[in-house]
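Here come two complexes built around subunit A, the first alongside subunit B, the second alongside subunit C.
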Partner chain A sequence: MAAVQVSEAEKVYLMHGVRDGIRLDGRRCEDYRHMEIETDVVSNTDGSAKISLGHTDVLVGVKAEIGKPKPTVPNEGYLEFFVDCSANATPEFEGRGGEELGVELSNILYKVFNNRHSVDLRSLCICPGENCWVLYVDVLLLQCDGNLFDAISIAIKAALFNTRIPKVRISEDEEGGKEIELSDDPYDCMRLNVENVPCIVTLCKIGHRHVVDATLLEKACSVASLLISVTHKGMVTCVRKMGRGSLDPESIFEMTEAGKRVGKTLHAPLMELLQKEESLGKKRQKVGFLG
Partner chain B sequence: MKSARALCRCVQIRCVSMAVEMRLPALHKHVSITPSQSHRDDKHLVVPGDVITSDTGFMRGHGTYMDEERLTASVAGQVERVNKLICVKPLKTRYNGEVGDVVVGRITEVQQKRWKVETNSRLDSVLLLSSVNLPGGELRRRSTQDELAMRDYLQEGDLISAEVQSIFSDGALSLHTRSLKYGKLGQGVLVLVSPSLVKRQKTHFHNLPCGASVILGNNGYVWLYPTPEQQDEEAGGYYTSMEPVSRADREVISRLRNCLLALAAHKVLLYDTSVLYCYEASLPQQIKDILKPEVMEEIILETRQRLVEHEG
Partner chain C sequence: MAGLELLSDQGYRLDGRKAPELRKVQARMSVFAQADGSAYLEQGNTKALAVVYGPHETRGSRSKSLHDRAVINCQYSMATFSTAERKRRPHGDRKSSEMSLHLKQTFEAAVLTELYPRSQIDIYVKILQADGGNYSACVNAATLALVDAGIPMRDYVCACTAGFVEDTALADLCHAEESGGGTSLALALLPRSGNIALLQMDARLHQDHLSALMEAAMTACKGLSKVLDGVVRQHLEEVSVLTSE
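Moving on, here comes the complex of A and B:
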């Protein structure tokens, strides 16, 4: 990620502030920055969402294609993740600079969604063993100001909610081969149930306390962070420790509990917002990228 | 396991509820106190490619070029005319230093007899070893021992306040900290804004009545720090106090930081009066709410009104 230089005195000021419970911008340790979410921003995808979390901007697009299911699970579809760190975010991402970060982000996303409950993969099956829906989830980082994982996970949930997969009909033709027909009606589509899609919460350890939604400056002052993906029921799907420093088991436990608590409360406002946006329908004023 | 669960319960009591706020984006409206268009017509704003004039009698300055006998702007900004010279002053640009400017910079490199300082300009600025104050205010030739001890004074990542002494032929600035008010900066918060928003004034060091001090660097780096108690003996930046800052001071500094970001987002000129008015207008709000778009608009509107009354 884009590195920010910080002096010793600034670090001391920041750490004392976190210890007292007041961060540089007046937030408490578990407050998120101002978040703006919009779906259906890219017209040629099956589902898309854009999120601005402070100065972090992430765009997610979901495309559904028909493919062959995996041999071990013939009656399920699957998701493919790809994270692109655009050079718009910081000049360090120019050329192949952003590849390392992008690969790390994709791997964590695979791990987070690698369970049976997050997305109902059986609903993506068309013909067991032969055809299934493959959802290609592409993430584009437009601006980087810390807390990428949280923003990406919320945007993915919003994009999956917005995804409309066309309904298919399988018919037999003369030689006995199967033919797949997509319905012509653009509104005849199936939606995914995103109730159980987890959201990632990143907790950075600064001094003896932990903070949620750290900016780049706060990240530079922390030595280790814990990444937890939590569903709306409080179920944890993935835990990952990042950073060069060490975490002792008590603080890991404390941070996990805090992460579960914070993660659970992310889902309700998000679903409410998405339902509200959908209910506005055509009356919604699309802001897009030039707001 | 029992003790861990008891610990968990304690944690839950200590951490009060968290706040998550999600909303749909809204189109940003231009905040102006005069509803008419005349306010905007007073300033001749151009974007790259706009024709400024077709009259060939003018000399072209910075930010312009001749395109088929027509004077065209090459940057986005305000057109300035001095007699026969037309130039365009850009709104967002790298810092162009002038002699005598106060800047806040970050040390990027320690070289043989100088430090390289990053000041948001096109080239890194230079701080020569001979341009800094030695401890105790001695005036002597710098020896090789001083050279070896450079890193003990200023390291990579340190922040300093300095004045521009001269400009090299390639445009790089040469800084000096030859006064006791300049030197290494201690605990505080750095805010980055565009250099064109900082107003040129007699002094850039202000002790605001709200309880914090601010250095408005001409290069767009604004430094907020708690007002030091004793003002008589200035160490010149050799001693930085690592004592924890009180909560009240922290709140003032966080509020000022958010106010500065709000002023910068709405392109209001930054000087001590505007920062103070913005601070006072934001007092009824919670500190973290200042950065919400609608609260920002409200605060900026009030600040602009007060500034117009103050000048009128």
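Moving on, here comes the complex of A and C:
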């Protein structure tokens, strides 16, 4: 992540504040920053979403292409992730500088999202063993101010909700070969069920307490963080400890409980917002970056 | 040519514009708070995002810094979902490197680099949606980003593409017109002096048509400069309202 220099005095000030339950911008330990989400911002994609969480800006585009299913699971489609840490976020990401972070982020995204519990991969199958839909999820990091995983996961959920996959018809031609026909009608499409798609909650340990949605400054003062992906039912699907410090088992348990609680409350307002946006349909004014 | 006609008999293009008409341009400055300067520009369906960092100390090797002026470092990249066919690598391929060099050349002509010796100005441009005129959208967005960063320039840099079909010059080509096989010319202009910062043309063209094509591109650029000027003034009004007592 982009490095931020923190002086000892700032660190002490921050840690004392967290100990008393107040953060630098006045939030409590489990509050998120102001979040803005919008879907369908890029028209070349099958689904897209843009999220800004404080000063962290992420744009996700989903493109559906027809490919060959994996040999071990012939009746399922799959998702491919690519995270582009663009130089927009910080000059250190110029050229190949952002590759390391991008690879780390996409590996975790594979673990969290590319399994049949999160997304119904069977619905992506066209012809078992021969053709399936491959969803290329491209994440573009535009501005980085901490808490990348949370922002990316919420944006992915919104983008998958917005994804429209054209319906296919398989027809047999004379020699017995299969022909795939995509429906010409842009409204004749299949939507994905994103009910079970989890959201990632990152908790950073600062001193003896943990905070949700840490900024870069807070991250620089923390020893370690815990990444938890939680579904809307409160089920934990993936846990990972990150950072160079070590955590004792007590605090891991505490942080998991807090993460579950916070994660569960993320889903309902998100789905409500997405449904509302969808119901506006054509009348919705697309704002994107112009607002 | 079977299929789509670039210019119909009534004088209308594929998207309904007349020959010298530009696409709708919308722009916004200061989209990102963390960068020194940033701007977002939409030219029809082409969307470009430009971010400027600097002037700051030369990163990396000291040998790259120049003793009498600033180094301008540009990177052009396209989002993987920006084109109809998914692009595998956002940058690093030949086309992106070529575009980065063009942008560098364009802005070295406009930015007053003599004011910042031994320093570096970074301009990063990202194409979010590509529908023809990628280079022009980048240049226009980068101009706004440089103005937002407060870096002194000689003039606005406005860029536009132009093409030639059946003795008529078309201004501001979209993707279908660019790949239609006709001529396409990209021009970057400093409007007040009328000086050209970059001129690039691909495909064959009779030399008698060259001046007509350049005229069309220059007129389009001058029109664009008025739009960009309007955007800058509006942004300044908004900012001064917020910061005034």
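General remarks:
Convention: the second predicted complex is superposed on the first by the 289 of 291 C-alpha atoms of A that agree within 3 Å, B and C clash if a C-alpha of one lies under 4 Å from a C-alpha of the other, contacts with A are read in each partner's own complex, and residues count from 1 in each chain.
Definition applied: a contact is a pair of C-beta atoms (placed from the backbone, for glycine too) under 8 Å apart; a residue touches a chain by one contact, two chains touch by 3 or more.
Remember, it's a predicted structure, so these values are computed and weren't measured experimentally.
Contact with subunit B, but none with subunit C, is seen for A:Glu30 once the two complexes are overlaid on the shared chain.
In the superposition on chain A, A:Ser7 makes contact with subunit B only, not with subunit C. Between subunit B and subunit C, more residues of subunit A are touched by B.
Looking at the shared chain after the overlay, A:Phe82 reaches subunit C, while subunit B stays out of its contact range. In the superposition on chain A, A:Gly61 contacts subunit C only, with no contact to subunit B. By the touch criterion stated above, A:Glu99 is placed in contact with neither subunit B nor subunit C. When the two structures are aligned on the shared chain, A:Glu181 is found in touch with neither subunit B nor subunit C. Counting contacts as defined above, no subunit A residue meets subunit B in one complex and subunit C in the other. In the complex of the two chains, the subunit C residues touching subunit A come out as 26, 28, 31-35, 38, 40, 42, 45, 47, 49, 51, 53, 59, 73, 75, 77, 79-84, 86, 90-92, 122, 124, 126, 128-130. Across the interface of their complex, subunit C is touched by residues 42-45, 48, 55, 57, 59, 61-63, 65, 82, 84, 86-91, 94-96, 136, 138, 140, 142-145, 288-290 of subunit A.
Of all residues in subunit A, those touching subunit B in their complex are 5-10, 12-13, 16-17, 20, 22-38, 52, 212, 250, 253-254, 257-258, 261-262, 265-266, 269-270, 273, 276-277, 284-285, 287, 291.
Subunit B contributes residues 4, 7-8, 11-12, 15-16, 18-28, 106, 108, 155-159, 185-190, 240, 242, 244-245, 247, 250-251, 254-255, 257-258, 286-288, 290-293 to its touches with subunit A in the complex.
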